[in-house]
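All remarks here apply to the structure that follows.
Labels for the chains are A, B and C, by order of writing; each one numbers its residues from 1.
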Amino acid sequence: MIRAIAVFIVLAIFPLAMQAMDTMFYVSLASRILIYAIAATSLNLVLGYGGMVSFGHAAFFGAGAFVVGIMAVEGVRSVWIAWPAAVAVAGLAAFIIGALSLRTRGVYFIMITLAFAQMIYYIFVSLKAYGGDDGLSMPGRSTLGFGTLGNDLVWYYSVLAILAAVLYGLHRLVHSRFGRVIAAIRENEARAEAIGFPVYRYKLTCFVIAGAVGGLAGALIANQSSYVSPSLLHWIQSGTLMIMVILGGVGTLWGGMIGAAVLLGLEHLIADYRIGWLAALAPNYQDHGALAVGIVLLAIVMLAPEGLAGLFARTKEK
Amino acid sequence: MPATLLLEQSLNGLQFGLMLFLLAAGLTLVFGIMDMINLAHGSLYMIGAYFMASFAQATGSFWLGLPLALIATAIVGALLEMSLLRRLYGRDHLTQVLATFAVILIANELVRIVWGSQPVLLNAPPELSGPITLPGGMPYASYRLAIIAVGGVVALLLYLLVAKTRVGMLVRAGASNREMAIAMGVNIRRLFTVVFALGAALCALAGAMLGPIFAVQVGMGENILILAFVVIVIGGIGSVRGAFVGALLVGVVDTSGRAFLPLFFSTFLPPQFASAAGPAVASILIYLLMAVVLYFRPQGLFPARG
Amino acid sequence: MLELRAVSKRYGGVVATDDVTLDVVRGEVHGLIGPNGAGKTTLIGQISGVLPTEIGRIIFNGTDITHLPAHARVAAGLARSYQITSIFRRYSVLENLAFAVQARSGSSFRFWRPVTAERTLFDEARVIAADIGLAERENAVAATLAHGEQRALEVGLALATRPQLVLLDEPMAGMGPAESRAMLALIQRIRSRVTVLLVEHDMDAVFRLADRISVLVNGRVVASGVPAAIRNDPAVRQAYLGEELAA
C-alpha cells in the first residue's frame, strides 16, 4: 500500500514538474500511457487473473471509444451520459461474446474471441457516416457541466484518478470472494467445478467486468485526442494489449501499468532512433522504431524462462 | 438471379477457397503436428508474393518466377523454423502467439526495408490475361480459371502425398504419436522442418497466384491469416481434409456474401443503408459461420486429434 | 440414497460402463472393485456429472440428477475425490479447504469485502484440516506436501463441501503401508457422518471397510453383496484370476 501511494504521489507531481520545465508534451504522452494502463489492466483481469486468453479485447476498448465518438458527433457530449454508455455497451458486448466463446476452450477460445472482435471491427468500419476507414473526429473532449477536460493538466489528473480507482477496485476484487473463485478456477478449473462452483458463470462475469473496464479505457482514449481510429478495434491492437500484459506481469496488479509504460515508452524513445547502417542501406525506410519494437518483443518472449508458461499454473490446454 | 452470375460467383468462390486451402493446409499441419500456433504464416504468404513479383520481373516471365518464388520462400520458411520456431514447440500457446506476432512485426518491417512501403506490381501472365469462354457461352477470366486448376491439382497432390507416400506416412505417424515415431528412428526434427518448408511453399503459391488479383503490399498477410485460422477452426485442427472443406466453405460463403448481400439488402433497405450494411454483413458472415459451427461442433468439423 | 439404473457410457464402439444398476444405502460404506479398465472411474465420472450420461438414470435422494451439471450435484450433497490428485497446488492446505468451504457457504458473487475477513470460513477449514490429519501442515503449500498428505487433502476437499455422499476414487493410490493405514483410519472416522462409495484396488482395505461391495468387470456389475458373499463368488474369482482376495 505504501508503494502504491508513493507511485501515485510521484505521478501526481510529475505534470507540475513538466509544467515548470515547459515540456507539457510529456504530460499528454503520460495521459496516453495511463489510459493504456487502464486498458491493459482490464485485460490482465481476464487474461492474467482469469486465465482466459482473449484475443479480442480490442473490441471492448474500441467499442467504448466509438460510443463516445458517435455520441459526441450526434451532439451528446456530456461525460455523465457518454461514458456510462460506453461502459454499458462494452459490457453488453462482452456479455454476448463471452457467453458464446466461453463454451469453447484452448485455442478455439482464442480464435473465437478474435473472430468476434473482427466482426465488431468490420461493423464499425462500415459505418461511413461515422468515419469508416478514416476514423472519427470529435468536436472536443467530453463536457463535465463544470470546468473543462480540454485543459491537458486537468485531463491528466482525471485520468490518473480513474486509474487509481481502477487499480484499487481490482485490488479489492482480487481479494474478495469472487477473486478467490477466479483464482481457484485458474489454478484448477475441473476441481473448482467439482467442489461446487458454477465455473462458467464466474468466468463470464469476470469477462464482462474486464470488457466494461476496457470500454471505460476506450471512452478515455477517444477523449485523449478527440479522435477515434478504427485501428483501436483491430486485432493488432488486441495483440498489443496482450504484449503489455505479458511484459508488465501476468496476473499482477501493476502488470498492465508497467507493460503500457514500457511498451509505449519504448515506442516513443526509439521513434526517432536511427540505426546508422540501416539508414545508409535503405534510405527510404523511415520508421526504424517499428523494427526495433518487434525485435525487442521477440527477444523478451523468447528469452523469458519458463516464466510465461509457469505463470499459467494450469496444465496446458489443448 | 441470372444463372451466369451464380456460376461466376461460384467459380470465384471456388477459386478463393482453393487458395485459402493452400494457406490453411500448411497452417493446420503445423498446428496439428507440431502443436504450434504460427501467426507468421501470413507473413510467408506475403513474402511469397513479393518474391514472385521480383522474380517475375527479373526473369520477365510469370512461369519462371513462380518456381523461384516457391523455392525462395521454402528456404526462408526452413530457416525460420530452424533458427527460431523450433524453440517454441512445447511452449504454451500464448507464448507462441506472442513470439510469432513479433515475427509478423519484424517481417513487415523487413519487407518495407527491401521493397519499400508502396504496393508492388504483379501482373498475370499475358497469355492468361484475357477471358475464356466457358461451355454455355459465359466469359470468365482465364487467369482465375488457371488458379482453380492449379489449386485443384495441388490439393490432389497434397492428398496423395499425405495419404499414399512414405513421407506422408511419416508425417501422420509424427502427428499421432511423436515418441513412438522417434523411437522408430524417424528424424522428427528434420520432418518438422520439411513440413514447415512445405507449408511455406504452399503459402508462396497462394501469394503468387493471388498477387495479380489482390494487391501485393505490406500487411496483406494479416488479413488472409485470420481467414486461414477461421478455416482451420471450422475444419478441425490438424485435419487436411477439414482444411479443404473449411476452405471451400469459407471461400464460397465469403465471395457469395460480398457479391449478393448488397443486392439483397437493396431490395428492402434504403440505398444508404444497403451500401453500408452489405459489405459489413458480408465481412462478418464467415465469422458467423465459424460461431455456428463451433456451437454445434466445438472441435470443428473433422477434428484430427481426440 | 443413490440409485443407478441401467447407466451406460459408450464411446463410439467402446463400451465403458454397461447397464450398471446399483444402489448405495444411506450410512454405508459401499465398495466398488474390479480389474483395471473395468469402468470404475468412468462410473464415478458419470455419477459426479463430469461425464454426461446419455443412457440410464442416476437418482440421488429421490431426485433424478442424470442431467444435472456437476456443480449442482455438489450443492445437492454429492462430492468426489480424484484418483489422480487434483488439488490447488499453489495454495496452502488451509486455502485449498477454504475454497471448498466457500463454495458451500453463500454466494461468491461478492466483489469488495476481502475473504480474509471471514473468520468462519477459515475456522471451518482448520477443523477439516485437523480431521484429515493435516493440522500441522495447514499452512504448507499443497505442492510441497508428501504424496500421502496430498491424497488426504484430496479427500479433505471433497469433505469440505459437507456432502451427504462422497465418492472416493482410489484414495490409497500410490500409498505405502503407513500412509494407507492413515487413510483407512480417516475413512473410519468419517463414515458416521457421510455415506461413502469407495473405489479401491487395495483389497485389504475394501474388505475391512465396506458394508457391501459391488464388482465391476468390463463395465458390467457382475456381483453385489456383503463382503463374505463377494469373496466366495465364483464369477468374481474368475475376474480376478491370479489376484489374491483378502483371505
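The rule is short, and it goes like this: contacts are C-beta pairs under 8 Å (C-beta built on N, C-alpha and C of every residue); 3 or more make two chains touch, one makes a residue touch a chain.
Bear in mind that the values here come from a model prediction, so they are computed numbers and not experimental data.
With centres defined by CA atoms alone, the chain at the far end from subunit B is C.
In terms of Cα centroid distance from the overall Cα mean, chain A ranks first. Among the inter-chain contacts, the highest number of C-beta pairs connects A-B.
Our note on geometry: subunit A versus subunit C, Cα centroid distance of 44 Å, whole angstroms. The geometric centre of subunit B is 50 Å away from that of subunit C, both derived from CA atoms.
Subunit A and subunit B have centres, each the mean of its CA atoms, that are 31 Å apart. In subunit C, no residue reaches two or more other chains under the touch definition. Within subunit B, not a single residue touches two or more of the remaining chains. Contacts from subunit A toward subunit C in the complex involve residues 172-173, 175-181, 183-184, 187-188, 190-199, 202, 205, 313. Within the complex formed with subunit B, the subunit A residues making contact are 53, 55, 100, 103-108, 110-112, 114-116, 118-119, 122-123, 125-129, 235-236, 239, 242-243, 246, 278, 281-282, 284-285, 287, 290-291, 293-295, 297-298, 301-302, 304, 308-309, 312, 316-318.
Residues 31, 35, 37, 84, 87, 91-95, 97-99, 101-106, 108-110, 112-114, 116-117, 222, 226, 229-230, 233, 237, 276-277, 279-280, 283-284, 287-288, 290-291, 294-295, 298-300, 305 of subunit B are the ones that touch subunit A when the two sit in their complex. Against subunit A, the residues of subunit C that register as touching in their complex are 48, 50, 69-72, 74-75, 79-80, 82, 86-91, 98-100, 102-104, 107-116, 118, 157-158, 160-161.
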